[in-house]
Amino acid sequence: MKNPPALYLEADNVTPDGFAGKTAAQITELHVHEGNTTSTLGKYFEVSGNAGATAADTKIIVKGDVKKVKYLGMKMSAGEMVIEGSADQYVGAWMTGGKLLAKGNVEAFAATAMRGGELIVEGNAGNYLGAAYRGDWRGMSSGKILIKGNAGSDIGMYMTGGEIVVNGNVDVHVMTHAEGGKTIVKGNTKSKLGGQLVDGTIIVFGNIETMMPGYKPNGEVELEVDGVKALFSHYIGDMGERHKKRKGAIVYGNLYKKI
Amino acid sequence: MTKNITLNLISGRTIQQGVAIEGGKEKPSYRTACGIIEMDNSDLKALGAWKSTNVRVTSDHGSVIVKAIEATQGPHPGVGFIPMGPWANAIIDPNTYSTGMPTFKGTPVKIEVAINEPILLGIELVQKQCGVKVG
Amino acid sequence: MTKTITDVICPFCGTLCDDIEVVVSDDGKQLHEVYNACVIGSEKFLHSQSKDRVTRPRLRQADGTWKEISYDEAADYTAQMLAKAKKPLMYGWSSTNCEAQSVGNEIAEISKACCDNTAAVCHGTTLIAVQDIGLPTCTLGEVKNRADRIIFWGCNPAHAHPRHMSRYSIFPRGFFTGKGQMSRKMIVVDPRVTDTAKMADVHLQIEQGKDYELLNALRVAFKGEWLPDVVAGIPKEKIREAADMMKSGRFGIIFFGMGVTQSLSKNHNIDIAIAVTKDLNEYTKFSIMPMRGHYNVTGSGEVFAWQFGFPYSVDLTRGFARYNPGDTSSIDLLNRGEVDAMFTIGSDPGAHFPISAVKQIANVPSVCIDPHLTPTSGVSKLHVPVAFNGVETGGNCYRMDNVPIDCRKVVEPPAGMLTDEQFLIMVRDRLRKLKGAA
Amino acid sequence: MSEYIIKNGSVFDPVQGIKGDKKDIAIKDGKIADKVSSAAKVIDAKGMTVMAGAVEIHAHIAGPKVNLGRIYRPEDKLFSCTPTRGMERMGGGASIPTTFKTGYEYAKMGYTTAMEAAMPPMFAKHVHEEIRDTPIIDEGAFPVFGNNWFVLEYLKNHEIENTAAYIAWLLRVTKGYAVKVVNPGGTEAWAWGLNCLSVNDPVPYFDITPAEIVKGLIEANEYLGLPHSVHIHPNNLGNPGCYETTLDTLKLAEGMKAKNKFGRESVLHLTHTQFHSYGGTNWADFESKAKEVTDYVNKNKNITIDTGNVTLDETTTMTADGPFEHHLTGLNNLKWANVDVELETAAGVVPYIYSPNISVCAIQWAIGLEIPLMIKDPMRCYITTDHPNAGPFTRYPRVIKWLMSKKARDTQINAFKHKDKVLSQTSIGSIDKELSLYELAQMTRAGPAKCLGLANMCGGLKPGMDADVAVYNFNPDKPVANPEDIETAFSRCAHVFKSGVEVVKHGEIVGTGNKRTLWVNVKVNDNPQVMRDINEKFIKYYSMTQANYEALGHHFVPNPYALEVDATHV
């Protein structure tokens, strides 16, 4: 990356879909935005190699310091993208397919309303990972997210499907308002897990600082999670929230904590 | 090694703060209304401080001198209250959790007696922290 | 000789009392006395008369001193600052009228700025919650005429909205509440024994930061489900008792304030409080209402919404409106270093933002439009004093329940002083020329 | 003011009975003229359709509940906001557009007048601020009366004269246009969490029935001789079997005659009829009763209706029918907003997705189309989507396509997941009728204008009328190759004139026109009792003072146009 911007860059064109069918020269001409000014990708990046004919056969490798670049991989539908360092907000937001790997950290709103594909972050993820956009009741509905470090608050808010795995710790609020999907936290959690959750599964390997009162103890079960067989204490909830019925029986959300 | 205690700091409105901001934030009355920390009697005792002593309040985010007074809306052991304003905002947790809202309520702080240190006026306090050159 | 002006609107808090009487000199130049207002409101009216008031724009010089300049020079400076900036933040708007806000939005649109109001540090998280789950609410007269269950959650009207309880919520005798206070049960939830809590039938002295848990417990209690023995420091028996008291009313309302919007969980505290309200409508009639702070923060949200589609934290830098608190919100923009110019009007971020954000304001070109001397004017490059809105000029405002009330001009501003709207029009017209806008 | 002459277009004007003749339309001084000077700008409309500017009789486009919808639905604007373009301000919002976008979109489709269908009197200032910021189109707003305490108390004792005096006062202080009734009595009941589902359910405490409220308001409306009739959203909206309540409500107008100087013949306007034409006892045996309702309307000349067409979109429902919205959020579990307004009314807002894969939604779509296709007199049936309730007004071109083309209807029916259910529960499949352009002009121009008492001003192209003219890129002499061409043509006008000013050219905004706020100023004899009652209610029960209630001043109504009514003689 050259001519680092004074403020932040918005690079929503940097996706396999945005590059597909373009030569290096054409890609150089794609727009990026710094505040209310518009310039081209070429002002900040050297572009080498041509894109594939379609998104699916396009692979992008983003080198250099992109800590202040937003929207990398936004709305990507296919293909592959690798961010070698850390990126700012909205990495892979609204993505529907393809594989996106960030070797560093990503900031808030990564994989917002994700509908498919795979996001892997080797560092830490920020707040609202795989959450819905403001006001929307349709959060992450499908796909897989793996965070090897820690994640922030509000992960999986309004989640309806798909899976989030966090190898490290997470901050407050996990799967608030969720109506499906699964979140696995290998490290520790703080509080407010599964608040207002209609349906879905939360699995915690570490400890839970404060349990939501809406979760009712429901005995112990042995589960195999990510190849780990262990005994978990089982809770159902959120008992304060509405729940669907299946075959006349109420379907509660499930929270499992490793013993 | 001065004695110190840890409290959970919250900031908020008081009617005196309301009157003072309308009366003029450049005036000493603003400092009188907001350059204070309301502490529970038990906490004042634990700190070994008399009512109306100047104290230094320190968090991970900053440090400020205010006057420790007895809680007017207590008891609230373990909770310190600084009326909203520059004194509180010198130390509250700016973390918004990506909601846009700082954590104005619920910041762990350390309290130490600082009898000889002055409490700055509101505007002065902010200018000093920002390094604004004033003529 | 003097004259008395009645039905005056108090431009202090979101209660927007409209029964104030002020006595002014016959020539309408001096304001002598204020009746019916609370102590804060009276101070606001009377302070406008202070002799030490700054009446002309001032530009900070290299040596740190102020130099008095004309409004024209001030408008030039402001327009040029906005024209040059890549991502200016235009913040405040809550202590001015809707007409000024409207002109401000034109300026923001031409300069492709970020615009935000004081909800950012007040009820912004309430707006996020409303966007997630909705808002069953009502006007304050409904509370006066019907409510027999009043809950103050994380708010302290005795201090922040001094006439709220006497005008609307606790004491008034309404159509179906002829016994006034006697016809109402009052619950207060607060970690401190506030002056409001001291009046309550039930005070739940909650463990600070655990509102989300307690509200969740109430929802569980409504359904008669299992509860842990203690939640947020409150024994479950007391929680069930409070739940039953809420359910047994004919018409109830939850008023909430910064105790929930600014504590851990923020928007989620409001979100679940609204869920509690929605639940209660299965048993009786229940509403919920934010205790809005500035007298026209609500109006700012309304004007933003009908002109740009979002109530606050609007980012126009790409030429169209975008919204996402955490990205487009003032505190995050400043703390993340995303702003290269600061325009403040009708508010005081210098006093009410965390110092880390204020330092950013001090680092960039800045203009502060405010009748008062404030920490914001103290760190800004240009201070433009203006007439007091609601005292020296009128204009429409919105009460905390979104009811529009047109403020009144009761006294003349000092000779030669402009209103917010007049100054903003000067800036807009200059900016149009600079940007060659239509 | 510049002159124009629109040449060689195919003109459709029910006011003059012109059915597609090639005629030149002259514009001078903001009015339609017999002739213009040689200096007049010539617009060549060869192969195009020329009509008067369209008139929207019922839409929720300005005010507190509309803005609440904007505030609480950021997702309605995600990726859809439009930039500043030339004289166009930024816009945004799919189902609840910003005020600027609202004005531009209406104008681009050839609409020059629109009515905000429900104004809570206490929020009149807000409604007028939004109307002020909605460019180009003339607008009026209907204050709601059907749950107003004054009305309930006066009509309990059948005090028509007092009711009329109160109506006159409220129209003046709110700058209102007509008497709107929403779920009469039911919304007051909702203040206690209750409802009135039939015209005979008593209103809690007030000891009056919806039937008495509706009859009394019709009498008061005709006593005053207002331009528009009483405009009614009946009880029991949206429920299976609700058509019976609808017919009971319509019967209340039997024997009543319109009395006014504006040429209006109806005494009752039934709005968004689609939502009130449901049979069945539950969502499983849900069926159309469009035939029963339209049969009654066809027989009774003192009734007008609008359709409320479902457009099969994700939208935002909003109504002063508070209990209905609470019922709806229970059905779809989406975010619920409600506002109860002291002494006057309430409102609710809930997002809704009319999915072509859900049989009920598909049946609602069919009912909305059956109604205008079954109506005999197009001058008494007007096309609406009850924006945004059944769909956004920006979908009018699509609704027009469905009405003008059986082929387009069949394509949609075949696309439904539950096609068979649609065909068995409605008669849409057996209707071959296709709306003519002349009938379209009746249903969107001349008809609504007459019903609103604006027949002399707009909705036609007669010399002397306001020069509101829409020119569509649609050749009536050529057979329609593809129904999509209809939607395309009616989406963006070739030219639109508002009061003689060209505001749209080739689908782009080229002028902001001379936007007016329409309101009705009624003179009545002094009525000290009503004035005393008003004064007392403010002192005792309102949360604001009477002196601060009125929407007064340039910042609310910068360009008013008052229809004067003198009711002092009676």
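By written order: A, B, C and D. Residues from 1 in each chain.
The criterion applied here is as follows: a residue touches a chain if its C-beta (ideal position, glycine included) is under 8 Å from a C-beta of that chain, and two chains touch if they have at least 3 such contacts.
Just so we're clear, the structure is a prediction, and the values are computed from it rather than from any experiment.
Between the chain pairs B-C and A-C, more C-beta pairs are in contact across B-C. With every chain reduced to the mean of its CA atoms, the largest distance from subunit A is reached by D. Comparing each chain's Cα centroid with the centroid of every protein Cα atom identifies chain C as the most central. One simple way to say how far apart two chains are is to compare their mean CA positions; for subunit B and subunit C this gives 22 Å.
Our note on geometry: subunit C versus subunit D, Cα centroid distance of 35 Å, whole angstroms.
Distance between subunit B and subunit D, defined via averaged C-alpha coordinates, is recorded as 57 Å.
Among the residues of subunit A, those touching two or more other chains are numbered 108-109, 127-128, 133-135, 137, 172. Among the residues of subunit B, those in touch with two or more other chains are 97-98.
Multi-chain contact residues, meaning those touching two or more other chains, occur in subunit D at positions 72-74, 76, 335. Each chain pair that touches appears in this list: A-B, A-C, A-D, B-C, C-D. Across the interface of their complex, subunit D is touched by residues 6-7, 9, 18-19, 98-99, 102, 109-110, 127, 130-142, 144-146, 167-168, 174-176, 250-251, 278, 281, 284-285, 287, 301-303, 305-311, 316, 318-324, 395-396, 398, 402-406, 437-438 of subunit C.
In the complex of the two chains, the subunit A residues touching subunit D come out as 133-137, 242. By the touch rule above, subunit A contacts subunit B in their complex via residues 108-109, 126-128, 152-154, 171-172.
Those residues of subunit C that touch subunit A in the complex are listed here as 85-87, 111-113, 128, 131-132, 210, 212-213, 216-220, 222-223, 225-228, 231, 264-265, 268, 271-272, 275, 279, 316-319, 323-327, 336-340.
If you check the complex, the residues on subunit D that touch subunit C are 62, 64, 66-68, 70-74, 76-77, 81-84, 86-87, 89-90, 92-93, 98-100, 122-123, 125-126, 129-130, 133, 191-193, 205, 326, 329, 335-343, 346, 349-350, 540-545, 547-548, 552-553, 555-556.
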